[in-house]
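Next up: some structures, all given as structure tokens.
What follows is chain A paired twice: with chain B in the first complex and chain C in the second.
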Partner chain A sequence: MKIVAITSCATGIAHSYMAAEALRKAAKELGDEIRVEVQGAMGIENRLTDEQIVEADIVIWAVDVNVRDKDRFDEKNVIQLGPNEVIRDAKKILSDIKANLSKS
Partner chain B sequence: MKTKKLEISRVIKPEMVDLDGKGFRDKEALLDHMITMLFDAGVVDSKQEYLEAIYLRESMGPTYMGNFIAIPHGKCAAVKNPGVAFCRCDSGVFYHTDLGGGDVKLVFMLAIPDQMSGEEYMRVLSQLARLLVYPDFTDRLYQAQNYTDVINAIKECEAKLD
Partner chain C sequence: MSKSESFFGDIRKHLMTGVSYMIPFVVPGGILIAIGFAIGGIYVYDTPGFGADIFAWGKVAMGLMVPAMAGYIAFSIADRPGIAVGFIAGMLAENQGSGFLGGIVGGLLAGYIVKALKQIKVPDMVKSLMPVLFIPLVGTFIVGLGMTYVLGGPAAWLNNAMLNLLNNMGETGGVLLGLIQGAMLAFDMGGPVNKAAYAFALAAADGNNWAPMAANFIASMSPPAGIALALVLFKDKWTKVEREGVGGCVIGGLAMITEFAIPYAAADPLHVLPATMVGSGVGAALSYVFGLTLTAPHGGLFVIPLANKPFVWLLVFAVSIVVTAGMLFILKPKVTESQEKALSL
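Entry: the complex of A and B
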């Protein structure tokens, strides 16, 4: 599956990067393709392109602050959760999302 | 302009690493100890101001990450240079949060200056956060005998990040 994600957190240093890495690691283990945009203290890193967003099967926001430029996602179903949840068990979260998708 | 790669050892100094953290009554005592390490190393110039920044961040959401890891962090003007203190508590310290919390054994405390200068420093802090997701890295932190082992673990695991 193609997944795009945005991570951000209160100070934009620790959790946003840990959550991004946890998602990348989980996607790799599950054989999915993922692009993660980090909205952190250094600005927006690895900004998602419109094409990547359009093509994505799954959109995840692992954020506890506002997402910047959220209108890019107007046409998409967005799954929103906290960065901490992702850090704790990204693999289970991704598996569950995929299982739900295949049911619908 | 080409910038020279920042050495992790400039962000984590020997006096900011304690591999034998014990006897902490609670989370507050552990945080106090780590704040003192950063103060003594000259990373922060006001314990009180930095402590308030740490607790302000704690109030926004848990810095306990599960898996015996916590990353408390404070951003304020009292931070002179970005720095990281590391304390390993083999017997665990209960780290309470609004969501319950849990025992921690590996604690990294990040000190972030108010003014966002020095991108390279910020990159180092964020790389460290990324590494904590990997059991290969945390295993090496548990096995580390001294400061050099910690620095080598960071350097070698960092090289494997994409």
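Entry: the complex of A and C
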């Protein structure tokens, strides 16, 4: 599946990147394609393109703070959780989301 | 659109956003003020010169702290149109002396007012006037009424009451405050609870009381530093992979990036978290007992010369590290072979 995600934490120097890494690793293990945009203290890194967002099957926001330019996601169904949850067990979270998706 | 969270979960996110954008203002503010004092003496603001200039730059940065926080709280609630009205609300709070608390109230007020104004349906012809004329003007007008005639007074009173309490707190109060503050800082290591405690230290700093900040430094730096010490001393309590992370923990401990301790806490929260919370709590409590202050809001060991008593600060920091490591020695069981295998995969 195609996944896009945004990660962002309060200070924007550690959790944001750890969450991004956890998501990438989990997606790789589950055989999914993922793009992660980090909104950290240095600004937006790896900004998602409109095309990537339109094509995505799953949109995840792993954020403690407000997402910048969120109108890009107006048409999408966003799954929102905290970066800490993702760092703890990204693989389970991704599997659960996929299981829910295939049910509906 | 996104799955909505609970109202209070939303508020928490808005406040975190505000604090997040505020920190880069406080850092140069606090440090430049301290450098100004160091160059120009304690009456630097009355003695023109380079020291006074540096002091003035720091003052400006500090003065933007509350407006920036309010602006970005409102941004979190109402997106882009919230920023201007939020900044104005924060500046009003700053000017009326309601400080940090007034900034929070003002930011929330501005955010929700702008959010409501955005819902108003207008004909397409005048749509472009909404963000450039109607929302900032009407939003500011309503926020001005609210801050000046309703909320500003009580917020200023509460903010001053909090600062007075802090300034007149005896030794027992300091110990209690330190234990709670330290435990909160070590609880989720850079997460929301940690940031709430950090926001308290910032609020006090905004009121020119830098004692909570000294405690904040010790309690934020000792989890990774204490774990680093335990990694070196008690090798049989950690897996090989964990022990390889000692360098990161040392850096995290010195640079005040508590997050480096997370992998260790995540692997064994029931044993690691109580140890770091006790270590940080004791360190923060001692910081109040010795009357330590530190006029920089971030920067780890590099800004310790700015403490009022740098050597006492280092001593308390050392105690905090030793307590953390000692608690780990007591609480943490030895690594079993199966754990070693599972984690090294």
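FYI, the second predicted complex is superposed on the first by the 104 of 104 C-alpha atoms of A that agree within 3 Å, B and C clash if a C-alpha of one lies under 4 Å from a C-alpha of the other, contacts with A are read in each partner's own complex, and residues count from 1 in each chain.
FYI, a residue touches a chain if its C-beta (ideal position, glycine included) is under 8 Å from a C-beta of that chain, and two chains touch if they have at least 3 such contacts.
Keep in mind it's a predicted model, so treat the numbers as computed, not measured.
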- prompt: On chain A, do chain B and chain C fit together or clash when superposed?
  reply: clash
Query: Which partner does A:57 reach: the first (chain B), the second (chain C), both, or neither?
result: neither
- request: Go through the superposed model and pick first if A:32 touches only chain B, second if only chain C, both, or neither.
  value: neither
Field: First, second, both or neither for A:74, with chain B first and chain C second
entry: second
- prompt: A:42 contacts which: chain B (first), chain C (second), both, neither?
  reply: first
- prompt: Does chain B (first) or chain C (second) touch A:21, or do both, or does neither?
  reply: first
Query: So which positions on chain A get touched by both chain B and chain C?
result: 9-11, 13-15, 18, 41, 64, 82, 84, 87-88
Message: Per the contact definition, I'd like the list of chain A residues that touch chain C in the complex.
response: 9-15, 18, 41, 61, 63-66, 70-71, 73-74, 78-80, 82, 84, 87-88
Message: Going by the contact rule set out above, which residues of chain C touch chain A in the complex?
response: 1-3, 5, 13-14, 16-17, 19-20, 23-24, 72, 75-76, 79, 188, 190-192, 195, 257, 259-260, 262, 266
- line: Contacts from chain B onto chain A in the complex sit at residues 57, 60-63, 65-67, 71, 73, 75, 99, 110, 112, 116, 119, 122-123, 125-127, 129-134, 161-162
Task: Over in the complex, which chain A residues touch chain B? Could you list them?
output: 9-11, 13-18, 20-22, 24-25, 40-42, 64, 82, 84, 87-89
